[in-house]
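Comments concern the structure below.
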Amino acid sequence: MMNDIIKYIRENYTNKNKVETDPGFGLNTYDSNIRFINENGKSNIRRVGVSIWERMDVFYTLLNMNWFTFLLVIITGYILVNFLFVLIYVLIGVEHLAGIQANTASESFWEAFYFSAQTLTTVGYGRISPLGQMTSAVAALESLLGLLGFAVFTGLIYGRFTRPVFTLKYSTNALIAPYRGITALMVRVANPKMNELLETEAIVMITYIHPETQKRTYVQLELERNNIMFFSMSWTIVHPISENSPLVGWTMEDIQTNQVEVFVTIKAYDETRSQHIYWRNSYKATEFVMGAKFKPMNITFNDKGEILYDLRQLNEYEKAELPY
Amino acid sequence: MMNDIIKYIRENYTNKNKVETDPGFGLNTYDSNIRFINENGKSNIRRVGVSIWERMDVFYTLLNMNWFTFLLVIITGYILVNFLFVLIYVLIGVEHLAGIQANTASESFWEAFYFSAQTLTTVGYGRISPLGQMTSAVAALESLLGLLGFAVFTGLIYGRFTRPVFTLKYSTNALIAPYRGITALMVRVANPKMNELLETEAIVMITYIHPETQKRTYVQLELERNNIMFFSMSWTIVHPISENSPLVGWTMEDIQTNQVEVFVTIKAYDETRSQHIYWRNSYKATEFVMGAKFKPMNITFNDKGEILYDLRQLNEYEKAELPY
Amino acid sequence: MMNDIIKYIRENYTNKNKVETDPGFGLNTYDSNIRFINENGKSNIRRVGVSIWERMDVFYTLLNMNWFTFLLVIITGYILVNFLFVLIYVLIGVEHLAGIQANTASESFWEAFYFSAQTLTTVGYGRISPLGQMTSAVAALESLLGLLGFAVFTGLIYGRFTRPVFTLKYSTNALIAPYRGITALMVRVANPKMNELLETEAIVMITYIHPETQKRTYVQLELERNNIMFFSMSWTIVHPISENSPLVGWTMEDIQTNQVEVFVTIKAYDETRSQHIYWRNSYKATEFVMGAKFKPMNITFNDKGEILYDLRQLNEYEKAELPY
Amino acid sequence: MMNDIIKYIRENYTNKNKVETDPGFGLNTYDSNIRFINENGKSNIRRVGVSIWERMDVFYTLLNMNWFTFLLVIITGYILVNFLFVLIYVLIGVEHLAGIQANTASESFWEAFYFSAQTLTTVGYGRISPLGQMTSAVAALESLLGLLGFAVFTGLIYGRFTRPVFTLKYSTNALIAPYRGITALMVRVANPKMNELLETEAIVMITYIHPETQKRTYVQLELERNNIMFFSMSWTIVHPISENSPLVGWTMEDIQTNQVEVFVTIKAYDETRSQHIYWRNSYKATEFVMGAKFKPMNITFNDKGEILYDLRQLNEYEKAELPY
């Protein structure tokens, strides 16, 4: 019986070597006016059917929110924790806060509040100081919690500060240009920063409605080269439209009809941060230009012997005749 | 003589290219009701014959204990260190703590205790302050040790806070499904978080009692594809049961009899944390379903142009006829 | 029509496998007296046509400036922030700073200034302390901002302190030496530190004016070996000038005329820092020596059983006859 | 002429594919009683001919010194910095330290000293506080420097605390054991910790005095397998002594005469620390055992379903007959 099965497999196992490209995208259809990747490089997905605790990563949220919201979160948290401790100090009795200068309950409350703040931040001026067992114990605990609690925010602030926010510069258009007797899809990227980017890699994927199956298809495009050692200036990423390319023989109209979108992912090692950075960008059909090539980037030298490199030329292209 | 040896080797070296799979598991037999990997993804091993110092990694322990225990450790340590310094202050004489307000020995003790706490946390209100050479010196040392000691806990708290706690979602069942004319083992995983997971890899291993040798065997399964670039939604991991698969021709009964367990390890680069994360899961024979396939995950769009993606469908499957 | 295109491609796709080397350098011509890589290992490029915000990475700048400038930045920032808060305290009224000892407006200003400094650093002596709602609130906020603001500088100082500043030692000259019947380009590097460098890799690139096209060309040179496991002492990096080498048959004059520059990049894993480090160096045509070989590095032992290894010999070479 | 050179190269380029193994070791000869790798896994090399600044990496030194020395460095530094500031306070005049309680110059000095310590650690009790422009300015600077200076030590302490100190357990002996009809060199390693070690790799190198050239030779040994996915228990690393092995046909006497030393490097990803760890060990000729094999490690289960794994068996071996 086993032999029958093996025989069956040998005869019936089809498309043995065919591999679907990146099922992680997982979309069979999507409308041509939906962008899979947003301008900020994040994917445009909303998860449903999971609780917020499963869906949310607190660290991700705190690292990716804008600075204004982040500071609001910190200051709100700071005030709330102080309120909590004020409550405790008041319950124990504000008379155990030596040095307090208050005539009314409201004044007592605020004196306790600022004492709490001075304890939490460990500034401890000492005009007000805890007196008596319970108040002293709570203050000792509060200063401990202050130290530990600020650990998280201290780390987060440094994490937010050092995380790479800079964007690579991408050409606005993706060109179909003449290339070694045939045509090629070309986009150009530039490193606008002084940071040394090492071992830079490009991954280019295309998605389109397959003309035959009418299903959205995802394919990784073969590149002339997919990595460079030094990425100091610009890099023209080239996908030769050879006979295996899904784009072979397509006109500008086909590109539009088939709802093409090209994803360009760049990965590089940022020496300053000792870590890998990823950038994502995408080109919609409307951003394609047929029959054009990038102008070479003009490089000059100043009298200090520096190499001057003008990034405004990144998207400059000129008409170029295609072989077909 | 050397020639004889080489001749001998050429004739007698058997199974030159055969490689045992992952001896790191190292178990020749284990009972079918023992789980090698626990629900929390940790391996279920207890080391004996080594001292606790060789067996324990303090960092590992402090990072993996639950928050309650962790805070207990900190607070206990805080109290103990304060007691130690109180002892020293009392031995020197509490009269060197200026500003102390105590009538009894017990009150002196607690005033010294809170002074110590105020020194260790560097809050230093100053109602009580050191006076005289020795007490001042001890206090200077205590505040130094406070700063340095909290360094470890500050780092640990941030480390615990930022470490990835989120779990991938795995399908509850492993299916034997029809696949390109033959059958395949399929499990489905999903990324429930907003975090971008890049360069995701899957490693699937199977262990079973070998029908012939009756010894527990470990084999890595070949996958249709073992990595995806973007893991934003779900990924169906597919092991085609081709003629080389250990599962070829097995019935549900064989799977149970041979005490199959399948380990699915996922590795991905979490962009938020700039580090690789590993997830582990395993499927026991009882979690296999023969003749079923996963339903495609239904993806919809809302009017904000977002892609809605429902994770409740992860384990949804339907009956599917197998070719044999 | 598609068939025509594919037929056309098959017939006209030229240089299918030829790949330009590292277009990231991106320079078609450059003068022989310009160094692409500076002595400090940074590339010698100045970006124009982008705003400073696009061009600058704050973290890069703060990490790479010298210590003097860095401390100046911190102290200036410290003073400015204090001035800002003094302004607020003065606007609220310095009479809300209890304990202030001032007769003139100027003295009040400076007492407020030092109170601000004591709050920002959380030292909080308490001789001066805030009294009243508004001043207390501002002080509470200032101590919070102090804690958070120093987070960045604390992290930066540690980052600057731990980042690898050490340089590998490179031989001053690149030799054309006899090698296995032919010739080879050789440079020698040494690890002058106790740090264990693991999985060390070398990438050697050459740039020259191509004798035929007169265009600056970049080619990666093939090495006898491009990685070593342990890099404790010295490593002679060898590019055999075989028939595929661009240097084949070149005389010293050719090397000068063609404006050769050789870039040697070393990448290693520094166990101490748990990170990869990159070093860059370059050899200009004037630093080439034709017909010489490195003297072996003399290694001795002391009576403690230590291996003594003399780095002064790194660039020592002797005349050696070439086969042609 | 170029054609002549290419013709010459084609005829004379010898040993084209032969590669010297790891010249990073760089030792042509060394005495059999010198250990290249110390017990602590560090290499036994002393650099000469370079200044201490080129030879020393401050971070390496501070991270690798023992805790006692490290604390001594911190406390000494703390005292010295305080002395420096005392000097400044005394030069300005101790009368600007309000609250000082001193009758003699010595008492003034020590009061200033403790004030300085209270400022540097930001504890700032406030019994003593700065009064007047200059003293206040110096104190403001001192608290700033205190914050920044402790940044380095805080980071270092956490770095020291979290760095992997644990050692893998290695078998004491390297065995020449029977293996698939021939013989093999075997060593066994175990993970004594709960830490998950992932993607574990082994690199085994041998060094010996080459019987023909009498020069010390370094060769990387081929392994049956050089990586395992999970390293939870033990791993027997196997070098089959096939016809290409340098050990082929060697007797115990040859191993001793040729001064064999085998280096075993293990590299693994420690999930707890999110970093790669390297371990090094070496086996001298005297630690070889000919004709023995490791006993399988006995694994049992307790009634909690845990896998019990006894590390005392790691070096247990038994006599085993070799085929020749």
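Letters A, B, C and D mark the chains as written, and numbering starts fresh at 1 in each.
In this section, a residue touches a chain if its C-beta (ideal position, glycine included) is under 8 Å from a C-beta of that chain, and two chains touch if they have at least 3 such contacts.
Only a predicted model underlies this, so the values are computations on that prediction, with no experimental measurement involved.
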Inquiry  = Please report the minimal path length, in steps, between chain A and chain C on the chain touch graph.
reply    = 1
Request  = Specify the chain most distant from chain C by Cα centroid.
outcome  = B
Turning angle required so that chain A lies on chain B, C-alpha fit (0 to 180°, nearest 5) = 90
Message = Given that chain C and chain D are copies of one sequence and touch, is their interface built from the same residue numbers on both sides (over half shared) or different ones?
response = different
Inquiry  = From the mean C-alpha coordinate of chain C to that of chain D, what's the distance rounded to whole Å?
reply    = 25
Ask   = How many angstrom between the C-alpha centroids of chain D and chain A?
value = 35
Task = Please list all residues of chain B that touch 2 or more other chains.
result = 118, 122-126, 154-155
Query = Where on chain D does chain B make contact in their complex?
reply = 74-75, 78, 82, 101, 110, 114, 117-118, 121-127, 150, 153-155, 157-158, 161-162, 164, 166, 169, 180-182, 192-196, 198, 200, 224-225, 228-236, 240, 242-243, 248-249, 269, 271-274, 296-297, 299, 301-302, 305-313, 323-324
Request  = Spell out the residues on chain C that touch chain A in their complex, using ranges where they run on.
outcome  = 1-2, 4-6, 8-10, 12-16, 19-20, 22-28, 30-31, 33-36, 42-50, 54-60, 63-64, 98-99, 118-119, 122-126, 128-131, 133, 136-137, 139-141, 143-144, 146-148, 151-152, 154-155, 159, 203, 205, 220, 265, 267, 275-276, 278
Task = Would you mind writing out the residues of chain D in touch with chain A in their complex?
result = 122, 124-126
